[in-house]
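Each of the next two complexes has subunit A plus one other chain: subunit B in the first, subunit C in the second.
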Partner chain A sequence: MGFALQLFFTGIGIGAIYALVALGFVLIYRATNVVNFAQGDFAMLGAFAMILLAVDLNWPYWLSIIITLAGLIVFGALFNLGVYYPLRHRSFLPVIISTIGASILLENGVLFAYGPAPQSLPGMFETQGFNIGGVFFDSQYLLILVVTVVMVALQYLFFERTLIGKKLQATSQDKEMASLLGIPVAMMIMLTFIYSATLGGLAGILVGPILFVSVGMGSSIALKAFAASIIGGFGDVTGAVVGGLALGVIETFGAAYISVPYKDGFAFLVLFVFLLIRPQGFFGERVAEKA
Partner chain B sequence: MTSGSLITPGASGVISKAMLARGLYVVAALVSVGVANFAPFSAYSLNILMQASTYAIAVLGLTIVLGYTGQINLAQAAFFSLGAYSVALGTTEFGLVFFPALAIGIILACVAGAALGLTSLRLGGHYLAMVTISFQTMLSLVLINWVSLTHGPDGVLNILRPTLLAGYFTDSGHYLALCTAVLYLVGYLVWRLRRTKLGRAMQAVRDNELAAGVVGVDTYRTKVVAFTLSALLGGLGGGLFAGGFRYISPDQFTFSESVVFLTMSLLGGVRSPMGAGLGTGLLILLPEWLRFLKNIYLAVYGGAVILIMVFMPDGIWGFVTALWRRLFPIAPITTGEIAPLPLTQQVARADGSVILTVSQLSKHFGGLKAVDNVDLAIARNTVHALIGPNGSGKTTLLNVMSGLYAPTSGRIELDGRDVTRLAPHQRAGCGLGRTFQNIRLFGAMNVLDNVMVGAERPHNPAGHDASGLERQALAALEFVGLAARAHETVASLSYGHQRLLEIARALAGSPKLLLLDEPGAGLNHAEKEQLVWLLNRLKGHGLTICVIDHDMNIVEQVADRITVLNFGRRIAEGTPLEVLRNPTVVAAYLGEVRLATP
Partner chain C sequence: MRTTRTAAVIVVFAWLGVWLPGASAAWAADALKIGMVAPLTGPGAFSGQLQSNGAKLAVAEVNKAGGVLGRPIELVTEDDQTTNPGAVLAFSKLAGDSDIPAFLGPIRSTQVHAIAPDVLKLGKPVMFGGTDPVLTHMGNLWLFRFRPNDTYSARVIADFGTNTLGKKKWAIVHSTDAFGTSGMKYLTESLKSLGINPVLIQGYSNNSQDFTPVALALKQSGAEVMGSYMTFEADVGILAKQLRQLGVNIAWVGSPSNATTNALKLAGPALYGTFAVADFNRDSGPAAKEFAAKYEAAYKVPPDIFASWAYDAVHVLAVALNNAKGVEPDKVRAAILEVNGYQGAEGTYRFDKNGDGLHGYNIIKNDNGTIAFDKHIDFND
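Take a look at the complex of A and B:
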């Protein structure tokens, strides 16, 4: 029982990371109707920025986090301008391929700088964690959970209670109507990319100390986050969070009880099953394909 | 297949361009195969050429699925690995000779492709991207971890080549010649595919899936076939690859390799087999040329992908052909004698019998009753107009009639047959044609091919053979006055001509009933007069038409009967005179007014 609880805790922690990246996917998808295949690389960049600042340059951890997030804000804007904006009037296919290109560029750029050997990032806290009733609560996992809850809550407040959040929602629902109402659509999409990049970077900062920081970490997280958002119901914010958490737990239990080498396969197996039985996911696809 | 057609190029040459191209292709193939067979290549060059020729076969699969059909496949390396591992394990572990092992690999790839396609092609594009990535990732995991079967990360050594002809192909040069010959053959077939019924159906799906279905293309089946063919070529390429290198390992077939295949096809030009060859050759040679960039090469390459998408969306070959077209525009064609369009296949009988019956039809969107309990009967050989203020449910009714929306309740009968549950392409097969309010043509296909898709609807009484259908398509173009522009691109037509082309596309399918959704929208005065003339000619030929339009001028001039809708309900029906004097109709259009007595 203690072992199962331990697995559950670990699974939720990893799932929270998938949820954060999945949120970024969903927001960009809602704003632009395309899937950003470089979403996971935002997390990879976040983690490597921490390696550079907190490890290599030995700057204070909190300062490194702030600078990393600020860097990703700028990066999100550049990404929007370079990868999405020139293709905004085209079908989803060229955009998807362009984001795949961006992913290759980023991963190999970092590979060039850091080489293939995985780096390790220390955790934010000195204490490893504490033990309650045979379950070890790792401090980094707890931090991930707290940050995820806070981010989801903030995002909810932002989208539902602020004018700019409402404008973002309007943009994602009907770009033409939004622009007729005087909402600067291009700016809203830019903001979406910035926010998604920051969210991805945050996921990278949080997950870095748990996993090894490597060039490929982003795509593997992103694939699972994407799977999570489909399982939850593509385009749905709650779905992304629930799907991410569910996937983290399934994966952890699968690795413990079924097979370690096939750990990365469970997410896709679950995805397959969902696509066959319930393609609209837990919560139903909110954004239909716009004809 | 333009051979034996009625079309002769404007500048009358003795040899047609198609024949010239075919001749050049055969010469190029013979030369390449000859060189591969006899030239004393170094082992290094042989490796590069072997990789290029086998990769190109797999990339041609992407030409079919992505270029022709517009569906993404991010698992081509996985299908490639199925072919490669079948040959590798078949010849080393299971005692098979090369070709049976290759056949097994191709079958495996096809089965996997069909299974993936059947499950995911009903869903949208991003699902397909995700499903193919999932498949790719899982297959890679299996190749690495199922060590007892696949030898795991160590890979498979000493793969055998064909033993045919006393081991002739065991020599690397001769084997390369074999691969080259297969490549040229596959390239030719893919090239020809574009001008076949299946190829046109694929392109129609790519350009406008909705219209393709309404015109008579089974879109789902077409996509599954395209995906399976793509997997087939992946398996074929992979099998030949394994024989070529005689050693394979799982890291040659990862997701990033699938991305490489994708990039090759996009860089060269995804819509043409020439592009597949160009892109593959370039991306295999590029790393050799860019050795000085070695470590940063892949990053440069990722950047190149973005730049290609932004600046050369149709790839190198697309860029070149576009340039060529700008220098040498397509001349109008002269056609031979075109037989008149056999419109009145079902002998005209204006006997008042009904061809389409709509009974108590409703379509609700949540609480909105867009169509509410509507009855409609369209008599044979009449023009029936459907009018009503904006938002009265006219187009929704038409969409339910043509099968784009499933009705909430009610029944539709076409020529005595219940079609309520049929898909759009099945209704087209029953003889229902339609056009759209916002023109939906197949933008990247030429004028004639657009109409050919219409002519190729299932059960077209005009016939099944290609030349007969081409005559039918040309006759339909001639009927609307566009025959001379048959070879031009859709984009070069004016808005009014595009509307006519859409009507021609529907006519080519010999419809029993033609549904026209606001054919006059956006036309100028002269074009509207032309439209009225066209509709009256169609009526004269005995075609049954149901037309929606706002322009009462048009409606009055063509309609025999008018049905008026308002808020999804039928509020009046009768002859134009009766209907336009009906106070309820006047009120619906102009608001409640007290009719002044003169």
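Take a look at the complex of A and C:
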């Protein structure tokens, strides 16, 4: 029982990381109909900013987090202006290529600035975790879970209970109609990029102490997060969270009970099965119904 | 007026275009090129930088001592991106330059396997650092290994864990790439020769983000000691931390990646008290000590295995080229195989007919974050 509980806790913790990054994917997809392949690199940037501030400059952890998130707000705006905005009237393909290009540029930029060695970022808490009934609860995983729950709740309130949230939803559903209603579409998309970059950066700050901080860290998480958002139903916020958590649990249990080397295979096997029998995912609506 | 000026600019640039490459080629003709495939990007990028540092240090020393065949040597590096296709691409790019008589290859066995067919086709010597024993036993005459292969590391791990630490219940954790799989195979065989059947053999794929299932399997197996062949230091770091968190405190004798500077930095206290085999250790001999001092003076950081083998490879190649008195591949190959007793940073090179230069390993202990030399074990076969 302790064995299964331990796996479940770890799976949920890893799933929460996928969910956080998947949320960023989904928000940008909803606003622009484009998959942002640099989403994982937002996490990488957040983690490296923490290395710079909290480790190299030895600034207080909380201050480093605030400055990192503020930096990502600015970065999100610049990313929108440099990568999406000039191509906003083109089809989705040039924008996707643009995000892939931005991803390569960001990774190589950080590689140039920081070098290739993985870096160690200390966790937020002194204690590594605690043991209850033979199950070890890693404090960083617990923090990730709490942050994910809080972010999902805040996001729900923001989108459903605030005017600006409703404007963002309107923009994502029909840009032309939103524009006719006087909603500043370009500004709404800018806000989406800012929010997604901040969310990605937050994921990086949280995951850095567990996976170490390296140039490629973002892309490996993003790949799973992308799968998670498809499983959950691409474009659906609840789906991204459920998909992320499910993927984390499935791959951890698959690794423990079937095969460790094929751990990554389970995630993509689930993705394959979903694409085959339920391409709209858990919560996505069918394309035919959307029309 | 503008047309005339434009035409003048075009003529000047055309002239530069015609003459500059010729001029630079004429300048570079003095240098003898040595090709090097190294992981400068990708998950192994850190090791590529160290490999490059080690090789450059040796190139500078060789040139200071008069060069090779009366010419300075020049390193031409191509990035393999720590991937097999990247390695093939990087090697074929270098192989296309007929002025390069010999090469340094990757340190990762899987990438050496990837370029091996092209090496055979090209027919020029390639010095490499991968430790999969098969690489020098598959009939490829042009591969020369500058680190001891895993038949030796497996024997040292098995012997040390069983006879020195006195542990009989073994678990093996290994990466599923070429290096990890062959390491696991040879460690299993070495243990069997000591009358031991491992209670757990657990593979994992590189860049795993979570080792909880591996740690729990180790816990359930009841193993007293773990031998490991792990390719990337980040994986070593994550496994070490999760083992501690989940209360798995068995003895650990790891492959050389457990003793790299980066693994020590990432894992921190989680690796304290563990053992590893390491082909390079600064206290293993005078040549190792001298290399460590020179490396630290040049780069302000301590060296490790990623740098030492490349440093040795350049020096041995320089000796062989000088002895061959030319760059004909057959003569260079024969000259490398004749190297016997060269004192390198990694140990004393005695090349056998297969192209293996080293035949033993050091045992080291992680003593609260510093690497303590335990002993060197050499084999005669």
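To be clear about the criterion, the second predicted complex is superposed on the first by the 284 of 291 C-alpha atoms of A that agree within 3 Å, B and C clash if a C-alpha of one lies under 4 Å from a C-alpha of the other, contacts with A are read in each partner's own complex, and residues count from 1 in each chain.
The rule is simple: contacts are C-beta pairs under 8 Å (C-beta built on N, C-alpha and C of every residue); 3 or more make two chains touch, one makes a residue touch a chain.
From a predicted model like this one, the values you see are computed outputs, not experimental measurements.
Undergrad: Judging by the criteria at the top, classify the pair subunit B and subunit C on subunit A as clash or fit.
TA: With subunit A as the common anchor, subunit B and subunit C collide in the superposed model.
Undergrad: By the touch definition at the top of the document, which applies to A:101: first (subunit B), second (subunit C), both, or neither?
TA: After superposition on chain A, A:101 lies in contact with subunit B alone.
Undergrad: Taking the superposition on A as described, I'd like to know which of subunit B and subunit C A:147 touches: first, second, both or neither.
TA: In the superposition, A:147 touches no partner, neither subunit B nor subunit C.
Undergrad: Could you say whether A:264 touches subunit B, subunit C, both of them, or neither, answering first, second, both or neither?
TA: Both partners.
Undergrad: Thinking of the overlay built on chain A, is A:170 touched by subunit B (first), by subunit C (second), by both, or by neither?
TA: After superposition on chain A, A:170 lies in contact with neither partner.
Undergrad: After the superposition on A, what does A:82 contact: first (subunit B), second (subunit C), both or neither?
TA: first
Undergrad: Which holds for A:124: it touches subunit B only (first), subunit C only (second), both, or neither?
TA: Neither: A:124 stays clear of subunit B and subunit C.
Undergrad: Could you say whether A:256 touches subunit B, subunit C, both of them, or neither, answering first, second, both or neither?
TA: In the superposition, A:256 touches subunit C alone.
Undergrad: In the overlaid three-chain picture, which partner chain does A:55 touch, first (subunit B) or second (subunit C), both, or neither?
TA: Touch status of A:55: no partner.
Undergrad: Examine A:111 and indicate which partner it touches, taking first as subunit B and second as subunit C; both and neither are also allowed.
TA: both
Undergrad: Quick one: subunit B or subunit C, who's touching more of subunit A?
TA: More residues of subunit A are touched by B.
Undergrad: Flag for me the stretch of subunit C that overlaps subunit B after superposition; candidates: 39-47, 57-65 or 111-119.
TA: Only one listed stretch clashes with subunit B, namely 111-119.
Undergrad: Identify the residues of subunit A that lie in both the subunit B contact region and the subunit C contact region.
TA: 108, 111, 261-262, 264
Undergrad: Touching residues of subunit A toward subunit B in the complex: what are they?
TA: Going through subunit A, the ones touching subunit B are 29, 34-35, 37, 82-83, 86-87, 90, 92-98, 100-109, 111-112, 219, 223, 226-227, 230, 234, 261-262, 264-265, 268-269, 271-272, 275-276, 279, 289, 291.
Undergrad: Which bits of subunit C are touching subunit A when the two form their complex?
TA: 40-43, 45-46, 48-49, 176, 202-205, 207-210, 212-214, 216-217, 220, 233-234, 237-238, 245-247, 262, 265-266, 268
Undergrad: Please give the residue numbers of subunit A that touch subunit C in the complex, ascending.
TA: 3, 6-7, 10, 14, 108, 111, 115-118, 120, 128-129, 131, 136, 138, 210-212, 214-216, 220-221, 252, 255-256, 260-264
Undergrad: Per the contact definition, I'd like the list of subunit B residues that touch subunit A in the complex.
TA: The contact residues of subunit B facing subunit A are 66, 70, 72, 119-120, 123-127, 129-131, 133-135, 137-138, 141, 144-145, 210, 255-256, 259, 262-263, 266, 295-299, 301-306, 308-310, 313.
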